[in-house]
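Listed after this line are the structures, all set down as structure tokens.
The same subunit A turns up in both complexes below, where it pairs with subunit B and then with subunit C.
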Partner chain A sequence: MFGTSITWGDISFMLSGAGLTLAITFWAMLGGTLAGLVFGVIRAQSPWYVNYPLGTVLDVLRSVPLLIQFILFNSFQSIIGLNMNPFVVGCAVLAAYTAAFCTEIVRGGILSVPTTTRRAARSLGLTYWQDLREIVLPLGTRVMLPSWIGLTLGVMKDTALVYAIGVIELLRSSQIIITRKPHEALVILAIAGLMYFIVSFPVSRLGAHLERKWREND
Partner chain B sequence: MIEIENVKKSFGQLEVLKGVSMTVDRGEVVSVIGGSGSGKSTMLMCINGLEPIDEGRILVDGTEVHAKDTDLNKLRRNIGIVFQQWNAFPHLTVLENTTLALRKVLGKSKKDADEIAIKQLEHVGLGDKLKMYPSKLSGGQQQRMAIARALAMEPKYMLFDEVTSALDPQLVGEVLDTMRLLANEGMTMIVVTHEMAFAREVSNRVAFFKDGLIHEIGTPAQLFESPERPETADFLKSVL
Partner chain C sequence: MFDINYTFHWNQAFRALPDMLAGAWITLQIAVLSMVIGIIVGVVLALAKQSRFVAARGFATTWIEIARNTPALFQVYMIYFGIPAVLQLVASWFDIDFRAMGINIFYLDSYWAVLVGIAFNNAGYLAETFRGGLRAVPDTQTRAARSLGFGPFDAFRLIVLPQMFRAVFHPMTNQMVWAILMTSVGIFVGLNIDLTGVTQELNARTFRTFEFFALAAAIYYVIAKIVTSGARLIAWRLFRY
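Showing the complex of A and B:
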């Protein structure tokens, strides 16, 4: 292909890696965002004796390098005999890591909604949960979105670290080809980079689009 | 009837209400005047339970607001409140701002809620702004929308918390006109305000607040023309 020794077989091998990258990103973001929403709401309103322990756990998840978390959790689950497959381990660890970041994003978003606006909602007879659903989360989302998009793009690249537990995602699949065809290393990495970009670009465009749309009303 | 009985409230070390008592009958308009930080706004927030109180009690139609078993969300349907910062919900159109509580709190269908909301918005002169977002409205228009939003719930009482204080001077008149309209229609109102002329004109009674206490309460004629307390006279001298 293009006068190189890279074959369609190599490309399709990388594409299947890219598929795994996407799948891990999807599950990590889904789980992490849902957990982050719950923890963020708790963090935004809880007394210190709830906030302090929760905050500490989330801090640990955010500070310990992801690579270490993958390996430790993977070893732990095999020691206690869970026999989870590496893909599931990867998604679970990354989801917890995402949740830790997402919690702070959600907390910040909730706290960005002025108390006076919330009081106006409550004074109309809306319950706490109605206020949260109808006013606070929609308004907070405008604040959360840019950070959340950034988190998504970051998590997508962080998926590369699951190679440590034996999942062959996009970057690992590229490396495997490189070990067989070292003289094509640059081309292969360029193709891998392009694949990451093709996946990331629409996400960041979607973010920019939503931001612009919402700003029109502000 | 709203009955406020010896209410005390502190924020930390600061005692903002030091034993406030006042009764407002149905159909009455009571204005509350006094300097900034005298506790006027805090008292309004206590009436619909947005702020807890430390001592005393507040009864709205016989229901004790701060009793443990009081359903505040239900109670608040009867008490509309309009704030100094107009507090529009910026992500909703004027119509959606007004129908939100009708649909979520009173469970009305979209059609019914729209009908009620449009009527109220036309009442305050915003019938042509239904699809607009609050950011496109002037402060006076947003404040009138906030009034319509509260009125749509058909409250028995309306509380106004310095609703013209954050407005440009030329926009104050339109909001006061809307409130005057309400007063003339017989709405029971407690109006915390710095607009002395307005207080004098529309009120049945005027209360003077200072340092967390009502120093004097009486008809506008009594209070403005022959105040009994020197504090009242001093305050009036400083603002008139």
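Showing the complex of A and C:
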């Protein structure tokens, strides 16, 4: 192929790695977003004795390198004898990490809805949950969605670090091929980079577009 | 389940604390250097992106989009594996014998690979931040400066730039913390002198993975906190007016 020693086998190996990258991203985002929604609502309205400990835990998750978190959780789960497979460990740690960021996004979204709007909703007879679902969610989404898209892309790029616990995702698979064909390093990496780019670029453009479009209407 | 046949040896980890703090110093060094490079290149890229010249715009856009749309680890790899590969290719085209010149083109020191890779990443992210910051400085400021007799460069350097940095100070702090955390990917290119690298070496010798990495995590957290609170202090001192 193009006068190189890279075979279609190598490419399909990398594509399966890319599939794993997307799978980890999906599960981490799913878990992280659900947890983030719950924690975000709690963070937005709780007194300090709930907010402070929760905030600290989430802050730790954000201030320790993800790589260290992977290794730490992996060794911890083997110490207590859970014998989880690396894929699950990767998804779990990444989901917790995502939740830490998502919480702040959700909290920001909720706090962006003016108190007067919420009070108006309540005085019109909406219950607490109705207010949250019918008023805060639609209005907050305009603030939250662009950042959430950014977070998704960030998480997708961070999946590269699950390499540390032995999951063969896109970057790890290309690194394996590089060790076999070191003289093709540049081409292999370029292909891997292109794969990330193809997924990431359109989505980031969509996020930027939504942000611009929604700001116009404000 | 949950039968713990494991004795924690925290003493061993604490005895290694001086080594790990030395590693933390290297980590901080890489992060600060990569930030300094990133800020300088970032300003240039932000300006290039608004340039009249298509080539300058294209160059800046390519840099920014690659930096923002691929993993930091990929960028470090690209430097670590890519630069020697490019050099070899160039050498084979022009029949240059680098080895006769005493340059080993098959190997790039991992310290430099991490530093350059993260600086590349920082520059891309900061360029976008700076672009937003530049937009926050009204055009009238430049015009006022020019009419007071400042040259175009001086007007930018002395009037626009300080105001821009004020607007982007908080995102820059975040980027600094990011840079510190990103240095941990050095482990994948064999960097063994930074905090993660030192920890990994200790781990390989003793297999006390949990203890050592927990201590490393604590050190990273403390560094991140010192940086953010330090930045808050500086912001308070600088932006009082």
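Assume the second predicted complex is superposed on the first by the 204 of 218 C-alpha atoms of A that agree within 3 Å, B and C clash if a C-alpha of one lies under 4 Å from a C-alpha of the other, contacts with A are read in each partner's own complex, and residues count from 1 in each chain.
As a working rule, a residue touches a chain if its C-beta (ideal position, glycine included) is under 8 Å from a C-beta of that chain, and two chains touch if they have at least 3 such contacts.
Given the structure is predicted, the values throughout are model-derived calculations rather than measurements.
> Output check: A:L82 vs subunit B and subunit C. Expected answer is one of first, second, both, neither. What do you get?
In the superposed model, A:L82 contacts subunit C only, not subunit B.
> Name the chain, either subunit B or subunit C, that contacts more residues of subunit A.
Touched residues of subunit A are more numerous for C.
> Does subunit B (first) or subunit C (second) touch A:V50, or do both, or does neither?
In the superposed model, A:V50 contacts neither subunit B nor subunit C.
> When the two structures are overlaid on chain A, which partner does A:Q175 contact: first (subunit B), second (subunit C), both, or neither?
second
> Going by the contact rule set out at the top, does A:T127 touch subunit B (first), subunit C (second), both, or neither?
first
> If you stack the two complexes on chain A, which partner ends up touching A:Q69: first (subunit B), second (subunit C), both, or neither?
The answer is second: A:Q69 touches subunit C but not subunit B.
> Check the residue A:D158 against both partner chains and state whether it touches subunit B (first), subunit C (second), both, or neither.
So A:D158 only meets subunit C here.
> Residues on subunit A in contact with subunit B in one complex and with subunit C in the other?
none
> In the complex of these two chains, what residues of subunit A are touching subunit C?
60, 63-69, 71-72, 75-76, 79-82, 153, 157-161, 163-164, 171, 175, 178, 182-183, 185-186, 189, 192-193, 196-197, 200-201, 204
> Would you mind writing out the residues of subunit A in touch with subunit B in their complex?
114, 116-117, 119-127, 130, 134-135, 138-139, 142, 214, 217-218
> Please output the residues of subunit B touching subunit A within their complex, sorted ascending.
These residues of subunit B touch subunit A: 45, 48, 50, 73-74, 76-77, 79-81, 83, 85, 87, 89-91, 100-101, 104-106, 133, 135, 146, 149-150, 153.
> Could you list, by residue number, the parts of subunit C that touch subunit A in their complex?
Going by the criterion above, the answer is residues 1-6, 65-66, 68-74, 77-78, 81-82, 84-86, 88-89, 177, 181-182, 184-185, 187-188, 196, 209-210, 213-214, 216-217, 220-221, 224-225.
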